[in-house]
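Read the structure below first, then the notes.
First chain written, first letter: the chains are A, B, C and D, and each begins at residue 1.
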Amino acid sequence: MDNNFDRRDFLKVLGWGGAAVALSGCGNTSVEDGKETVVSYVEAADYVMPGISVYFNSTCAQCDAGCSITGRVREGRVLKLEGNPDSVINRGKMCGLGQAGVQHHYNPDRVREPLLRTGSSGETITWDKAYALIAEKLNGVSGDQIDFLTGTVSGHLKALLGNYLETLSSKNHYVYEAISPAVQRAANLKSYGMEMPRYSINKAKVVLSFGADFLGAWVSPVHFSQQYAEFRKGVDGQRGVLVQVESKMTLTGANADRWLVVRPGTEGILALGIINALGVAGLSLPANVSALVNAYDKERVSKDTGVSTENLVKLAAMLKERSPSLVLLGSAAEGYEHGSQNAAAINLLNQVLGNVGKTVEASASVPFPQIAPTIGNTAGARIVNNRLASGQTKVLFTYGVNPVFTTPAEMGFKDNMAKAGFKVAFAHYLDETALQADLVLPLDSALEDWGTQVAEYQPDGVQISVQQPLMEKLHPNTRGMGDILLALLKQRNPETYNAFDDYYAYLRTALLKNKPQFADSGADDDVFWNGLLGSGIINVSGNLNKLSDKMAVDINLPAPVEKDSKYPFNLIPSVSAHLRDGRHTNQPWLQESPDPLTTIVWDSWVEIHPKKAAELGIVEGDILQVESKSGSIKAQAYLFPGIHPDAVSIPLGRGHEAMGRYAKGYGVNPFHILNRVFDRETGELAMHETMVSISKVGKRVIVVKDEGAAGGHQDGRRIALSVTSDQVDLSEEV
Amino acid sequence: MSKRHLLAVFSNFHEAEAAVTELRNTSIKGFDSNEDMIVKSPIEHPEVEEFLGDKPVYVQWFTLFGALMGGLLGFFLISGAQANFYAQIKGGKPIVPFPPNFVLTYEMFILGGVYITVLGFLICAGLPAKRSPLYTSKVSEDQIAILVKTDEESAGVLKAIFTKHEALEIQEEAGK
Amino acid sequence: MSVTNLLENWAEFRHTHPVDDVPHDPYKWAMSIDMDTCTGCNACSVACYAENNLPVVGKDRYEHGQAMHWMRIERYWPEDGREFPDQGAQFLPMMCQQCEAAPCETVCPVGATNHTADGLNSQAYNRCIGSRYCSANCPFKVRYFNWYDYPTTENVWPAEMTMQLNPDITLRGKGVMEKCTFCVQRIRAGERSVKNEGRILRDGEVQTACQQVCPTNAITFGNLVDPDSRVHQQWKAQRVELTVDEQEKDKEEGGSDLRGYRILEELRPYPSVMYLERVRESAI
Amino acid sequence: MKDINEDIAWAKINTDVLRSLESPRKLYWVIVFGALAVFSVAVGCEVYQYNMGMGVANMDNPHVWGLYIATFIFWIGMSHSGTLLSAILHLMHADWRKPIYRFAEAMTTFSLMTAGLFVMVHLGRLWQFYYSLPYPNDRSLWPNFQSPLLWDAMAIFTYLSSSVIFLFVGMIPDLAICRDHLHAGWRKKLYTVLALGWEGTDRQWRNFRVTYLTIACFLIPLAVSVHSIVASDFAMSQQPGWHVTSFPPYFVAGALYSGCAAIITLFIILRYTFKFEEYMTLAILKKTVRLTFAIAMVWTYLNAVEFASVWYSHDIASKEVLIQKATGPYAIAWWGMIFCGSVVPLILAFKRFQTNIPVLLVTSLLLNLGMWLERWMIVAPTFSHGIYPWTWDHDQWPSWVQWGMVFGSFGWFTLLFMVFCKVFPSVSMYEVKEMVYHRTLASKKLEDSGMQESGKGAH
């Protein structure tokens, strides 16, 4: 038997199977219909075993954490995604968002043909025509008039994209992520010498988190969840203690031993207050730090932040006693005009506690800079928006972003987009941004496409994750992003790129070129390649970054702002682990998966503290108008005890006006009422700086949620039990 | 010897009773007061049973049989079915649990009792019956009737007794 | 003949299960869930949708309480009137507890729900007539009824979405009761495959979808009668017995410092799921 | 006041009752077509629900039972009055039952048939209902005999068939009357067949008496068992508010209560529609009313017992369900039940209202409303506020499909009842004759002894 099997032939076979199933599902009942796509099970290919599932490794593309997945494939259809146990990132586990990847793939609202806008209507065109059109439109446009706005990119796609930009002589690649810990990266670079060090929650005895939702949506949640499980089991038998400081309870806050509600924006003050208290408790502080925190005595800090002095002292005592600890910071601390200062203060606390090098460790950098991830931030969209507004951009390409949905309405991205002569959207769905484009090019789903991914957060060395198709294309006229870029490159530079039939060939060639760095011996190309696809993972050691531990004391925190009588509430746009910035809202499992804290499904809500609600006469289900300086939205009220009484919170991700049947028309979009306020140092959008007023509009609805009329009370029954650590003996546990 | 039927209709219960008593006490050839006399009445007269003399009723035996068989059948059918049901364990109870089976046995006991009693009634009362040779719809209104069967020659004697007791009407079977 | 069978095996038919018997040979599937590591992230619930062909019912039907989440995450708040939940919320993954003495089984008029020899509470969809008595009698309310014909309902599985459906399990039409099965399709496949090798399943060879996905390994599933299984060791360490309505350790003076317990144990359903209490630090 | 005029001619009894079988009045047709229209609402609802799924009834996942089960119990309860009047009072020789027991028995039969419909429409897969029947099959599949629902099915089947038999056996002499006195036509043929050749012979009467008595003896424990089994549907479960020891007697009392109330209603309607004033006399009505009052008080007492035993128990969940009933979203219905079931019947204690037909009509309807509410309040609150707080659900409200079905069932019942009244004598002619006969004898005896006594006195 010929052992030199070809993965692509195999996929063709698989594809027939998939197509056959698809056709029979579409009502082709006649035997003659589509007989060319029928797979003979009498003479089935080696890989199709009717009734037997086969498993292929790939990489999850639902977020940028780079979890490795194993797809269960049967009769040519991918059925379910499971975690790949060999990955150091997710170690065989997954999150709900990752599970829903199949619904991204099978989504009935995917774009299936290239679409060209003519006036107010659109038409489907062929790919040849689309490529020709791009070539035509790029003709005579100078490089600096061409902008690429993409989400986080890494791997060979990034390399290819860089090459394309080079042939266009454009440097305008802007990477945009609406929800991104960019302020923190800048602060980390100052404090630790690298943007994203490795955090070892599992080695810490105490984790103090300033709004870092590491169990929900922060950086690499599946990885941190596993660390968290180990942390709870304890180091040296001592169960880890989690203290969460934030103004609105996140999923992580809900799992904390002590959840401290803090006045919005005063996280930095609290961090300095803890340093002060540590000093008082006897921890020796460097003189400059001591001078910095001198003014932050417990009474003042308590007054400013709302955290009681008792808690402050207890917390400091525990941090001092139990070492190592770990201090994390998340979006709740970053999202202010003084976000960088908050971040610096919090990092300083980590340094004072001596955690750097123990629980904050050096990360490895990717040895191939051309495939290292380029991380997005909100500045990307801001710059493109300005360029569009001033007419500097003539041709705009968007990929993996939806700025019309995720930027504040005040920025006017939608209107500014119209000023560009030609907009091309590489898209899976007709989302809000694609609707504004002149040309929409349909992409393969992540389960149909080739690629490599390198995650920003690398827990151990560097893991390059390989993405391979789990089944043949569902729709014949979608293309992989790599294939499109290759086709576009061939337009500009045929000599170099005609050598590659397609992106697959490019990828294989590129990876084989680096074989010596990946494989321990000079293995045969095919053996190496098949091994690579089999594991789905390439582990390289990478270069360990140098961890610095320079205590920066030039921290200048503003006093807490007084309440504005017109807009008395802080608006906290909350990030849910499933919906993130709204790019997955059209996956019905995620829409119907209850928000963990409120259990609400399919809709948006305004969280308000019950005490405040009672003051204002608000009950659950009242439709509230939430108004900021830059706009207003209406959503149902939900009385939520885990929020500061002076804050209200609306989750991000819903409120789509497009994107298909499962997303359109459900909920509201708080991105649109965010004020245009930016972090002073980094220029990142200060997401938590929007002040709002709320008013009842006189309508009441039934809140659609899983929680029953008891409202999360057990009513004296022994259902979900809790015990304090001194009453329980964990030593004998298995 | 040929027999013929006579039907005497009385409006007064006491007259009928007197007639019956006389018939019972009179010896008439070819006429046995136990066998050949039927009293038809519009209502159930307990007195009729008295003056007609002891006539046994056997319906109760049917009842006893029916009820016992119903109960036994119920219990064994149900327990037998349970013992043969291939996936049997339910709720941590034995496969043949007594309390529910007793409830059902009880119902079957009653069901058997009622059904067989009615069957017994039909058998004992001879229903459904052919219509007797002489009948008057007055019986189902307000009058009481005595149907007798006798020899041709004794008919006159009977008629005389009926007339004596002020029978409203005497029907005779058409001669053969 | 039924009556002969009845009389011959009388003693066997009068055994009380599982108290009198040692019926769990070689398997008794059970679970334990550590609520100290469960974060309430809902990954298990989504995995259950993916594995078990659960319909997404949509907003209107969710509003009418007709959701089909076999695995639901309940979120509880402290009830002592404190202003802020400063010890967080408490999450409880709740699914069919696969009771050994299941209240649902006795009441089904057609015997659609039974107990299997390996200790599962099974549900025969095509036997179910939809009297819903089982749900009425379930203390945990973890049975879900098909109020509509979801396979033919618009936007439940439109077009290509049907290709995702797990062919190992049926789609349930209207009028049928369903519930968590402990991923019985995986168990059966596993049992069959090792039967050829003449052995029984080892710990970890069969995982439920929720267990497999759980990012914090809060869910342990396995064979309770296998001394090498983690679930067996956990139950043993926590001194939780399957067939009692009150654990010995709870009868001891001063209570127990072990955190294993079963929900509504006092109703005597003998649940097969042990929960481990959430722990909260006392020093802060 | 006499229960019946003793001088009434037997022939007149025949003509009066038989008149009700012929040439219907316009009012009759109005009622029949009205009932048909009402019933068609239920048919429409069922067709819709059958096609769409049970969801259109707006039940939800903890709250899986609704008005269907509540109304099922209501109709089962209604059926008990027939047995009470014909069997219990028969054994107790209360002869005033005689003019009214026939329609009460018919009511038993038809309300059981109505209740059966609710079992059917309640099923999620109606087309597979036969799975619940114990029929032999190759696969040794049997229904689950442990399920109280199966006991229910068995008890109701027994009860329905026994009631039909009892009704029929008791009617044979009357069918003979009909056969003898009606004009030729299809009816005459029908009665000829059904009368089985009854001629009122001494042998027939003798066996008839024993049979009737025996079945009556069976029917009493049967009726008690039927409603205590219905109570077991709830009491055998573990749910708070259902798991109550006193449920079986409570259900039986409730059943007799609602049945008696329904008898009063139908008594008044029949008396008016068929001009039965001479047979359905006010004196009998008065006795029925007093009986109803007594049962109302028994029911009230059992209600109080139930509340008290829940209140003083340590079963927190049950206690909360009770509090929830009185204060939650069902409070109106619950207090309505208390008012209609325990307060309204106090009217019946007043002599002047015991024969006041308008007052009694309204009262009896209110009593039945109260009893219907009682059944709903047994079923629903346990679901909406059960043992497991997470699934509490206080928003569930039956949809129009459920209400339509409940409404339509009254049409179905009325239809059956009206057809029965036209085809079969709704007053037992032979027993009224017996009643008149025995009363005459009794008063004659009284007169005789009275004369003797007065004679003695004259001495």
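In this section, contacts are C-beta pairs under 8 Å (C-beta built on N, C-alpha and C of every residue); 3 or more make two chains touch, one makes a residue touch a chain.
These numbers were taken from a predicted model, which means no experiment stands behind them.
For chain A, the chain whose average C-alpha position is most distant is B. In terms of C-beta pairs in contact, the better-connected of the chain pairs B-D and C-D is B-D.
Chain closest to the overall centre, judged by the mean of its C-alpha atoms against the mean of all protein C-alpha atoms: C.
Centroids built from CA atoms put chain C at 32 Å from chain A. Mean C-alpha position of chain C lies 43 Å from that of chain D.
Averaging C-alpha coordinates per chain places the centre of chain A 66 Å away from that of chain D. The set of chain C residues that touch two or more partner chains comprises 67, 72, 74, 103, 106, 108, 111, 264.
Shown for chain A are the residues in touch with two or more other chains, namely 702, 707, 712-715, 717, 719. Residue positions 62, 141-142, 144, 146-148, 150, 387-388, 390-391, 393, 395 of chain D each touch two or more of the other chains. Touching chain pairs in this entry, ordered by label, are A-C, A-D, B-C, B-D, C-D. Those residues of chain B that touch chain D in the shared complex are 38-45, 48-49, 52, 55, 57, 59-60, 63, 77-78, 81-82, 84-86, 90-91, 93, 97, 100-101, 103-104, 106-108, 110-111, 113-115, 117-118, 120-122, 124-132, 135, 137, 139-142, 147.
On the side of chain A, the complex with chain D involves touching residues 702, 707-710, 712-717, 719. Every residue of chain D that touches chain C in the complex is listed here, in rising order: 52-55, 58-65, 122-126, 128-129, 131-132, 141-144, 146-150, 153, 233, 236-239, 383, 386-388, 390-391, 393, 395-396. Interface residues of chain C, counted against chain D in their complex, comprise 61, 64-67, 72, 74, 94, 103, 106-111, 127-133, 135-137, 139-141, 143-149, 174-177, 264, 267. Put simply, chain D touches chain B in their complex at residues 9-11, 14, 134, 139-142, 144-148, 150-151, 154-155, 157-158, 161-162, 165-166, 169, 172-173, 176-177, 179-181, 196-211, 214-215, 218-219, 221-222, 225, 229, 232, 430-431, 433-434, 437.
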